[in-house]
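Here is the structure we will look at.
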């Protein structure tokens, strides 16, 4: 028995003296290796972050974000869903890849009558569904009316309410009252309630894409499965695996197939930003769309030539629930707004991946006369707060900022927490909630200050300003102003663009004085596009029609050799 | 045999309790499945609620759900309306199962030898060194280890792909990342269990009889020493084969794990219920296996 | 024969047991002190604990003072651990964050220890129907969707540190209970338990004086493994909004934030990660030392 003991205890004395040293040495060595590997990564001196030579085969691979909820254009509401939908379906009009202005899709041409409310679309006769059927005006009539059918859970149904009789139908009125009519197989006529200059922008949006009636009626909810789906776009759905990928093939009978240069598209469903960046870095994707790059990365990747940044139609702001004191006093809201140092937030917290912006309508509308922005003015903020009865923040209750769970939202909230503390003497608490709880609270106005953001649906300031209409579902502040509502209504009736924009700007000026929203920044796109990808342009809505995209193989032979050759290829390949 | 049958029958009330409690817990959370930043028209919301029967009283919904579950119909997902929960889970489960099994095998293959050696050479460098390595697995969280492995093996050395589920080389990094934490558990528990047993009477007897040590280790010591490991394995296996959200996110693996968390955030009641039922099923079966293995490893344990 | 030793020294004669008990602990303590690794680990742990507790009075930067212009900088004389993306001193944040992490690690582990050991021992000892019902309850608790429990805790209760312990405690004891039960199933068949039972010792005494001490090895080992699990779980819960409220931090949240930017600011993950790992290693070696010291088979040598 004792013998056994010694066997097991052998070497105890010898080992234990040196063990701590050995252990510490191992840990230090490991740390050093990790450090070395990690740090050296920051010094990559190549000019491109991702691959420089096109992959074999003309198949565009990109990270599409979180798994799309649905491929039914009438039901969808997300960016990832929309990107796939626009590849496999085609609407009456499609956006120009560079300007996003409408160009012919299924409609060859269209006209607006003298009354400014009657649109007539003339459809081409060679547009086909993937099952061989011709795409007709009746398809559009049926598809649009389907969205408006009272039983269809369409999230964007309200966009159709511009059309005469649409709202009434959705709310139980007669179908015959809806002014969407196929005059014949190739002519579609739509009559609006009132002149709406941006209607033609809307027609390019995915809820207005056509669907194939017989397929829906045959397969019900399962019609979007690859084995059932019938589409009419430049690409068709070949394969789908949830949380993995969509594989799209070129549709050979597409009316403009000869000008579609990609043979296919692979859209990966992944929602981790770092994973997406890794994929691009490793050359497994050719495009990493905007928003899928953490802000912290920007200072370290913006010098790469395949990094693209541009204006984007989105605003980030804090909303104030104006119903309860002290936030019912507009001076308090103004004080909060003037005490936010937007420059510092965008520069140091967001690393210039976004732009400081003291207005609600984001930058980028050429013919919109922007009102005076809110600035950073701590003196004025203190004065306003004192006038409201809280000199140096005395007597002000603890203010609570509500935001949904995200590292970026948290950092911005921490920065603003410190700013309001320093400049106004306010005690600020941060409340982080997961998405559904946060939405529930902000919707019920059960908060003081909450993080919000808004991404434009179409290229018109109205997509932002409509949120603040009294009682609008997206308002979520309890704020309302009759003059503001009247200006928006007047603008929608105004036929002259310049005067219309002035009315809208006047409305925004009211909001910027009353401050139900505290503007912080306007979004910018930040993405990676491989140097051989052509037909891709930065756009305000981050829309990039796939039918125009192609791979430039011009410099392929040189680029295989060295990095230097790759650089020559890129500068030489810039032609179009 | 009778024991196994009895335990399998006991699954039914257990599952019923799990489903019922889960059903009502989910409905206590604020918000519903059709929330989005952009407010949808009230008509659309009403249409959605009606379509899924969410406008019915809660007890009616519960009754309906139970009636469907009995027929293995878990309903459509709220978040992915064109697909049924069964379809979603069954397409993701093989992936998680495969990854989980690789990870567990790796953890056992590495953890048990490390723990055994450490116990035999207690308090020597052979103990501290390997145990320290094993401990790295729990000390470095997988959300750090995963990116680190990707950085070294995918982006710097370019030996392995950084993400996506596919050919065998895609499975190495996620399996290692998932296994790391289990290695530490297995190694530590093995070491502890082995030390316990090596001092026990029957081992001492074996030594006294002059049996060679490797034989003693294999035939006697490991058996009893593995008891704690086996206890740990029941729940751990159930967890491993139903996926890990961190590993799935980092490596873009289309497994089940992410539905536990994302399903909760999306208030996708049916999907969460679906994955909970599958997880519970695995857990119960694995725990039953654990109890059987007890009796196998240690003749003193009686099944009752 | 160690087993029969056990039965003798904890017989019905109360006084003898008490006396013997204290000497047992003294023996264990002496054995622990002989283990250099365990002693070194213990000293280091106490040191870490004292430093984090004293953080308010130590000459450090304010862990919450931002310097946006400075941003994230590597280690320097002014900031030995560097600064984070908001320009806060990382050394101060690591030391300050240690308080929460250590507290969370110890309290949650203690709770899981007490609940899990008692629950598992009772289930294993009584066996049969009791065991069956108790273990099925564990199965049910294992299976409930944890995220929803966390969401409910956040929505219906104040976001205090107590709720964090509740959220952690909800699940951590479950595996402990299963491990203890597994050990007890085996131990209760040994002669000394039979002997105690035949001598008419109360069940509670048998469980906690004879059975549990003999299962202490795996229990201590698993408890030391619970600490890292709990600390990292805390990071996840804090990220969701339950637990540490910004701008405060814990090791877990610091590592979590650092991991996101590890390619650019490696120190943000490495330093808090090192503090975490150091503590866990010490706990591990101390745990092993304790295990050895309390090993029933080594007593009376």
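Residue numbering begins at 1 within each chain, and the chains themselves are lettered A, B and C in the order written.
We adopt the following convention: a contact is a pair of C-beta atoms (placed from the backbone, for glycine too) under 8 Å apart; a residue touches a chain by one contact, two chains touch by 3 or more.
Nothing here was measured: the structure is a model prediction, and the numbers come from that model.
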Self-check item: Between A-B and A-C, the pair with more C-beta contacts
Solution: A-B
Quiz item: Going by the average position of its CA atoms, which chain sits the greatest distance from chain C?
Solution: A
Practice problem: With chain centres taken as the means of their Cα atoms, state the distance from chain B to chain C in Å. | Solution: 21
Practice problem: With chain centres taken as the means of their Cα atoms, state the distance from chain A to chain C in Å. | Solution: 44
Practice problem: Averaged over CA atoms, how far is the centre of chain A from the centre of chain B? Could you give it in whole Å? | Solution: 35
Practice problem: Would you give the residues of chain A that are in contact with at least 2 other chains, written as numbers and ranges? | Solution: 16, 19, 23, 27, 34, 38, 41, 274, 434, 437
Quiz item: Touching two or more other chains, which residues of chain B qualify?
Solution: 29-30, 122-123, 128, 132, 136, 147-148, 151, 265
Quiz item: So which stretches of chain C touch two or more other chains?
Solution: 35, 37, 151, 155, 262-263, 277, 281
Quiz item: In their complex, what parts of chain C are in touch with chain B?
Solution: 1-3, 35, 37, 127-128, 131-132, 135-136, 139-140, 142-149, 151-152, 155-156, 174-175, 178-179, 181-183, 185-186, 189-190, 217-218, 220-222, 224-225, 228-229, 232, 235, 252, 255-256, 259, 262-263, 269, 273, 276-277, 280-281, 284-285, 288, 291-292, 295, 297-298
Quiz prompt | Residues on chain B engaged by chain A in the complex (per definition of touch) | solution = 29-32, 34-45, 47-48, 50-51, 76, 79-83, 88, 91-92, 120-129, 132, 136, 147-148, 150-152, 154-156, 158, 161-165, 198, 203-204, 207-208, 213, 248-252, 254-255, 258, 265-267
Exercise. Using the touch rule from the top, collect the residues of chain A that touch chain B in their complex.
Key: 1, 3-4, 7-12, 14-16, 18-19, 22-23, 26-27, 30, 34, 37-38, 41, 67, 69-72, 75, 77, 150-158, 170-171, 221-225, 241-244, 268-272, 274-275, 278-279, 281-282, 284, 434-437, 439-441, 443, 453-454, 472-474
Quiz prompt | Partner chain C, residues of chain B touching it in the complex | solution = 10, 13-14, 17-18, 21-22, 25-26, 28-30, 122-123, 128, 131-132, 135-136, 138-141, 143-144, 147-148, 151, 184-185, 188-189, 191-193, 195-196, 199-201, 224, 227-228, 230-232, 234-236, 238, 260-261, 263-265, 272, 276, 279-280, 283-284, 287, 290, 294, 298, 300-302, 304
Quiz item: In their complex, what parts of chain C are in touch with chain A?
Solution: 35-37, 40, 66, 68-69, 71, 85-87, 151, 154-155, 159, 239-241, 245-247, 257, 260-266, 270, 274, 277, 281
